[in-house]
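Both complexes shown next keep chain A, but they swap its partner, so chain B is in the first and chain C is in the second.
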Partner chain A sequence: MISGPILALDGVSKSYGDVLAIDDVSLNIAVGEVFALIGENGAGKSTIVKMMSGEIAPSRGTIRVLGEKVAFSSPRDALARGISVVHQHYALVPDFTVAENFALGTAPLGRLDRSALNRRIRTLAASVGVEIDPDALVGSLDVAGQQKIEILKALAREPRFLILDEPAAVLSPEDADRLFLAIERIRRQGISVVLVTHRLADVFRICDRVAVMRMGRLVVEGDVTNFAPEDLISLMMTGERGAALPSQPCARAATATAARGDTPVLQVRDLELHRANGSVAVRSMSFDLAAGEILAVAGVEGNGQTELVRSIAGLERQACGSIGFSALEGELSSHSPQALRQAGLAHVPEDRIHDGIVLTQSLAENLLLGHLHHPAFVRKGVIRRDSVVRQTTQVIQDYGIRTTGPMQPIGRLSGGNQQKLVLAREFMNDPCLLLAAHPSRGLDIRTSALVQGLLIEHRDRGAAILLVSADLDEIWAIADRVIVLSDTRMHGPVPIHETTRQEVGAWMAGH
Partner chain B sequence: MDGRALNDSTQASAGHTSTARRLSPEARAAILTLVGGALALAGLILLAGESPARVLTLMLREGFLTLNGLGAAATRAIPLCLIALGLAASFRAGIYNIGADGQLAVGTAVAVACAGSVAGLPFGTGIALLLIAAMLGGAAWGAVAGLLKVRFGANEIVTTIMLNYIAANVIGWLVRGPIQEPMRMFPRTARLPEILRLPILFEGTRISAGLIVALLAVVILWFLLTRTRYGFSLAVMGLNSSAARFSGLSRGRLTGGVLALSGAMAGLAGIVEVLGLHGRLQEGFAPGFGITAITVALLARLNPLLIPVAALGLGGLYVGSAAVARDTAVPFPLVSIIEAAVIFGFLLISVLRRKA
Partner chain C sequence: MDQVVVVAAIASGIRFAMPILFAALGETVSEKAGVLNVGIEGIMLIGAFLAVLISVQTGSPWVGLLAAIAGGIALGLLHGWMVVVLKVDQIVSGIALVVLGAGLSGFGYRLALDGGAVRVPGFRQLDLGLLSHLPVVGPVLFSQHFLAYVGIALAFALGFMLRRTGLGLTIRAVGETPEAAAAAGIEIDRVRLCCAAFGGSLAGIGGAFLSTAQLAGFVENMVSGRGFIALACVVFSRWRPVGALFAALAFGIADAAQVRMQALYPDIPYQAFIILPFVIALLAMTMPGGAARGPAQLGRPFRRG
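Up next, the complex of A and B:
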């Protein structure tokens, strides 16, 4: 029988140049426990995860596995000791199939036994209760699909110690439930799990112990039962228990706002949506989106949300149906994405890393990316560097982005802080039509509230907002009307106050 | 706003264990390869009956340390620099133009064919028109690859290589047929009139006013690539083409445009070589420049300001190698191997410096 912690951090610090990302953290994780690691964006959670999994080495301090001091020089070393990790940003090869991505790094040299591999993936998926097609190209899957593969991949390695960095952020509630059941199951087999999350409900639901990080330091660690949700929120935000918390977000402004106009900004008629693989996602959908309203699109991911948003953004052309955008003449599809943006369309993409930012470029450059035709930023084709940098500095302040400055490459920011910059960019210049796909995904409580507040502010200013969200709480907090996509059909739109969560839940389940 | 420069610094710190003491496995492998390669090379030189030390010193001395050698290196650097500038633009955008040789040939041929009709113009005007003609010709040849890529999704690496063969054969036919010199002795055109020649800048060297063209081009391309919306858009497309699309950039237009741009630079290099050095179009007047320029662009890490330095370095290596082939028993193919080894060593050192 093993006694003592399976994994221990002892006075671990990590600095990047002048940035002290982790400052003297000590943690013990016992065998068979589910350990929550929480904290605001940029608190250092992912950095801890990367040190545990051998991706980066600590600048100071030691890591012990089962009492033995280790110095991982690569994730492979950690894997050899049974440590398996699902990163916040996935590392899948888009041009490979699901099965090939599975084989990557685990399959022995020689011929790949595809049928055995496919069988194994199917069994594994069935044991967790998710559906996965081993032959699908990873690049054709949405983020939730990719997340599921990463999780299955980590489980397939039969780890002794599993680390999950915000695994549930992109999953539908049903899939998140399944994931938690799977965690319960492996915990009973004596496997330890570290779970990084922004959702306190998850902490109380499946975790035994919790550690709160704040600005690179460990604030507190203890049994989950010792804390109330308010304690944890307060600890994350201020480092102390029982501090006065900022008032809850956006006490729902009056729904019928003055800004709400009658002419729709967006008119969708008889639109048929096809997935990348050609299958029908939605047979026919029609709705109007007026100025000054937030229309939420709910539903389990993969039911056409991605395709809907892309079609409206001018990135994908649909065979049937029409889309009209009041700012431009004629069919929306007859305009280039560039023209749409210049006419006032903004788009927060669902896959931030892939579609939203350029990791190696600076914050300033990433801010400029959405506004290449804005006279304040580019005059006569020449970039006005000072003005871009000044605006970025402003945005960093307004959104509380944790960074060393506007010239830092955005890839060095924590996930949540990257998202803040994307949001700032898309909110800039007051768009008249905003497509927001999971805007508060990966954001901490404080920033989610900020974002929801901003969405309401822009709605009240008169923007038309299409909000894609898997989070019913968010929808109920800020949306005016909701539609649900499920099983090739569209339900609604209905005003939020004329429906119930039960009804929406039933629609999502396809009834 | 130099995307590429940021890129480099990111890679520097994104390595796994960035401990200064321990070398990463890749670095160790690279050093082993280099040491092994150097030993093998020394062995080969010994086999050829020469002392490795003598060969190396001769190469470096003749290429860089004598005034004559330096002049020759600079002469060779001018076209390399011009081509590499265009390639840097296209590589930054993630478009791998391997067709500079073809674009150079077509651009030059177009310009030389126009030479007769501009010879009567005042000094300078005719030259300027020829430079423009060559750029247009090169751009058109580059745009063919662009069109194939945008319309049919054809990989530009394949198409530009294919277009090189077509261009080489068409030029071969032209200089043996329609535009061959009146004597019909060699595969070349007649000598161009003096008024169309680029003047020599320094007495006793062969460095022509093409040097000014090249240096101007460095400044212009530097500005274009690092300070303008166009350059920024290219960099974004190269670094994350999906994000480029989502932000509204038209990838088709950028791709076609940058292939035309790098074709134009190759055409310019060709005509500068003709007007400044040879005075006529002859077959094989720019042997493999398009490929060498790839090395130049990569050594300069696609930074326009470093490209002239890298071009001079490769020019010097070429001149030094010629001296080695002339003065020692080492045959020319072996000289190319030495050249490659020197470049490889340089790259290795710069990789290690970045890791540290």
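Up next, the complex of A and C:
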């Protein structure tokens, strides 16, 4: 029997040029424990994960697996020692089917036995309690679907040590429950789990120990039972226990109907939406969205939320029905996405890596995307570098983005910090219609509160906001009305104060 | 044209297609893994030269073929080392390879063979007995060079490999989403180097076929654009080996036909016929679907972290 830690970091540091991403961190993870790694955006959680999984090498310090010093030169070495990772940004091949993604790296080089592979995937999925189609193209799945594949793929390797980097952020409450049950089960088999998360509820629910990171350093490490939620929040934000915390946004106090106009900004009638694979996502939905209100779209992901947002953003065309946007004549789909943006539509996409940013370009260039028609940034077709850089610097300050400066390629930022820039860009120039798909996904508590505050601010200014969220807490905190999509149907819209979480939960479950 | 001429044109068209086919098959595998090699023309020249040189010296065309393969692997690895390890731009390295191949083969030819004509020991014709005496199908299907059958079989085998095996899956993932493949435990650079070497070896065989099976002897720059036609075949076939087979056959038959048409229509300048296969290549590329998307990371180096 093994007594020592299964994995130990000993004085590990990682620097990127001048940036010290990880500063002298030591951690021990015992056999069969669930270990929470928490911290604000850019604290260094993913960097720790990448060092544990062999993706990057520490600049200093050593990593031990079962007491033995290791120097992983690639993920292959870590996998060989039974270390399996679910990445924050999925490592999936979009052009491959689910089954092919499973086979990658594990199947022998010879002929693929597809039927055996499919059977194995179905069994595994059934054991966790989810349903997946092994022949579906991964690129056609929404982010929640891809997240499930990524998790199952890691489980399929039968790891001794499983690392999950923000796995539950995009999952529906039911799927998150299933994930936690699966974690419980493998923990009983003596498998260790590291869980990176921004949701403190998860920490208290399934974790044994917790480590708090802040600005690349380990602030504290200990048994979960030794901490109260407020302690952890305070430790993440300030590095100390018992500091005064900024207050949460208080939506209900704001005058919800102050700027609310009579003419709807968005008019959706008899909309029928199809998924990429041709199946019907929503059979018929109609609603109005007025200026000065936040309409939330709740529901288990994959029930048409993705298609709804993309149709309104002009990125795909609805199967039937009509969408009207008060700022433009006629049917919305007759206008290009560019025309829509110029008319005041803004879109925070659910898949930020693919639809939100260009990883290799700088923060400034990414901020410019979609604002190329704006005279403040582009004059006579020439980019006004100074003003773009100035604006980006301002945004970095306002949102507290952790970066070396406006010219750093955005791909180098932590996931949450990338999201902040997307939000800043979309909030810029005061849009009259804002589509926000999971805007606070992957954000730390402080920034989530900031974003929710901004949404309220823009609503009170008179913007119409369509908020897609899987988080009922968020919906109850800021939305005015809610609709639920489930099983090709739309429930609602109902004003938040005329419904209950129980009712919305029942709709989500399809009752 | 009567039947005899047509049959002869098709039969020799298949022969003309083989150098292109081998090169295109190798390039398909290499590009699937993300390594673009525009220098296969140069590798084919080296292959053609080595095959002639070594088979003359040893008296065996088979040893010559092996030498061409070895030369192809060496140049494929050189390209791989440049673009995969040193991360040199793939187009630049490929063009350097064209120049290098042309220079080395021409220089070696003058040095080793005095630039003169040599008698190249031929491959023994494959004897398929009665089959080869059948009308039409006899000369077209059953009188080909042994390597031609290898090439055709290889097209189907590689098609199967890429689509249906774990190896193919690995290669495709490396060309599509190397980050994901690396996370799955695949060594990206190693796979790319191997595929570049494989591509080089097949380009070497293509060159050897040209100088020892299709023709008998080496002439400077004798590949004359076939390497580039092979690149076009890869794109036109949408990176599918069996598609590359048909594309290569189309070019080969067009090439064989133009040679015969030169004789049939002496009034028309012969250059008009020579460009025929290239015109077909250009037209084919403009056809719908011809511009389909290749491997997403084609031509891009993989950097960790």
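Brief remarks on what is shown
As a working rule, the second predicted complex is superposed on the first by the 506 of 511 C-alpha atoms of A that agree within 3 Å, B and C clash if a C-alpha of one lies under 4 Å from a C-alpha of the other, contacts with A are read in each partner's own complex, and residues count from 1 in each chain.
Here, a contact is a pair of C-beta atoms (placed from the backbone, for glycine too) under 8 Å apart; a residue touches a chain by one contact, two chains touch by 3 or more.
Keep in mind that this is a model prediction, so the values were computed, not measured.
Clashing of chain B with chain C is the outcome of superposition onto chain A. For chain A, the partner with contacts to more residues, out of chain B and chain C, is B.
Of the two partner chains, chain C is the only one that A:Asp95 touches; chain B does not reach it. When the two complexes are overlaid on their common chain A, residue A:Gly222 makes contact with neither chain B nor chain C.
When the two structures are aligned on the shared chain, A:Ile383 is found in touch with chain B, with no touch to chain C. Looking at the shared chain after the overlay, A:Pro349 reaches chain B, while chain C stays out of its contact range. Of the two partner chains placed by superposition, only chain C is touched by A:Arg111; chain B is not. After overlaying the two complexes on the shared chain, residue contacts for A:Arg341 are found with chain B alone; chain C is out of touch. Contacts of A:Gly405 after superposition on the shared chain: neither chain B nor chain C is touched. Of the two partner chains, chain B is the only one that A:Leu368 touches; chain C does not reach it. When the two structures are aligned on the shared chain, A:Gly190 is found in touch with neither chain B nor chain C.
After superposition on chain A, the stretch of chain C that runs into chain B among 94-102, 202-210 or 256-264 is 94-102.
Across the superposed pair, chain B and chain C both touch chain A at residues 55-56, 74. The part of chain B that touches chain A in the complex is made up of residues 1, 3, 6-7, 9-11, 13-14, 16-19, 22, 227-230, 232-233, 235-236, 239-240, 242-243, 245-250.
By the touch rule above, chain A contacts chain C in their complex via residues 50, 53, 55-56, 74-76, 79-80, 85, 87, 90-96, 100-101, 103-112. Interface residues of chain C facing chain A in the complex, by the touch rule stated above, are 164-167, 169-170, 172-173, 176-177, 179-187, 296, 304-305.
If you check the complex, the residues on chain A that touch chain B are 16-17, 55-57, 73-74, 313, 315, 336-338, 340-342, 347, 349, 354-362, 364-365, 368-370, 372, 378, 381-383, 385, 388, 409, 411-412.
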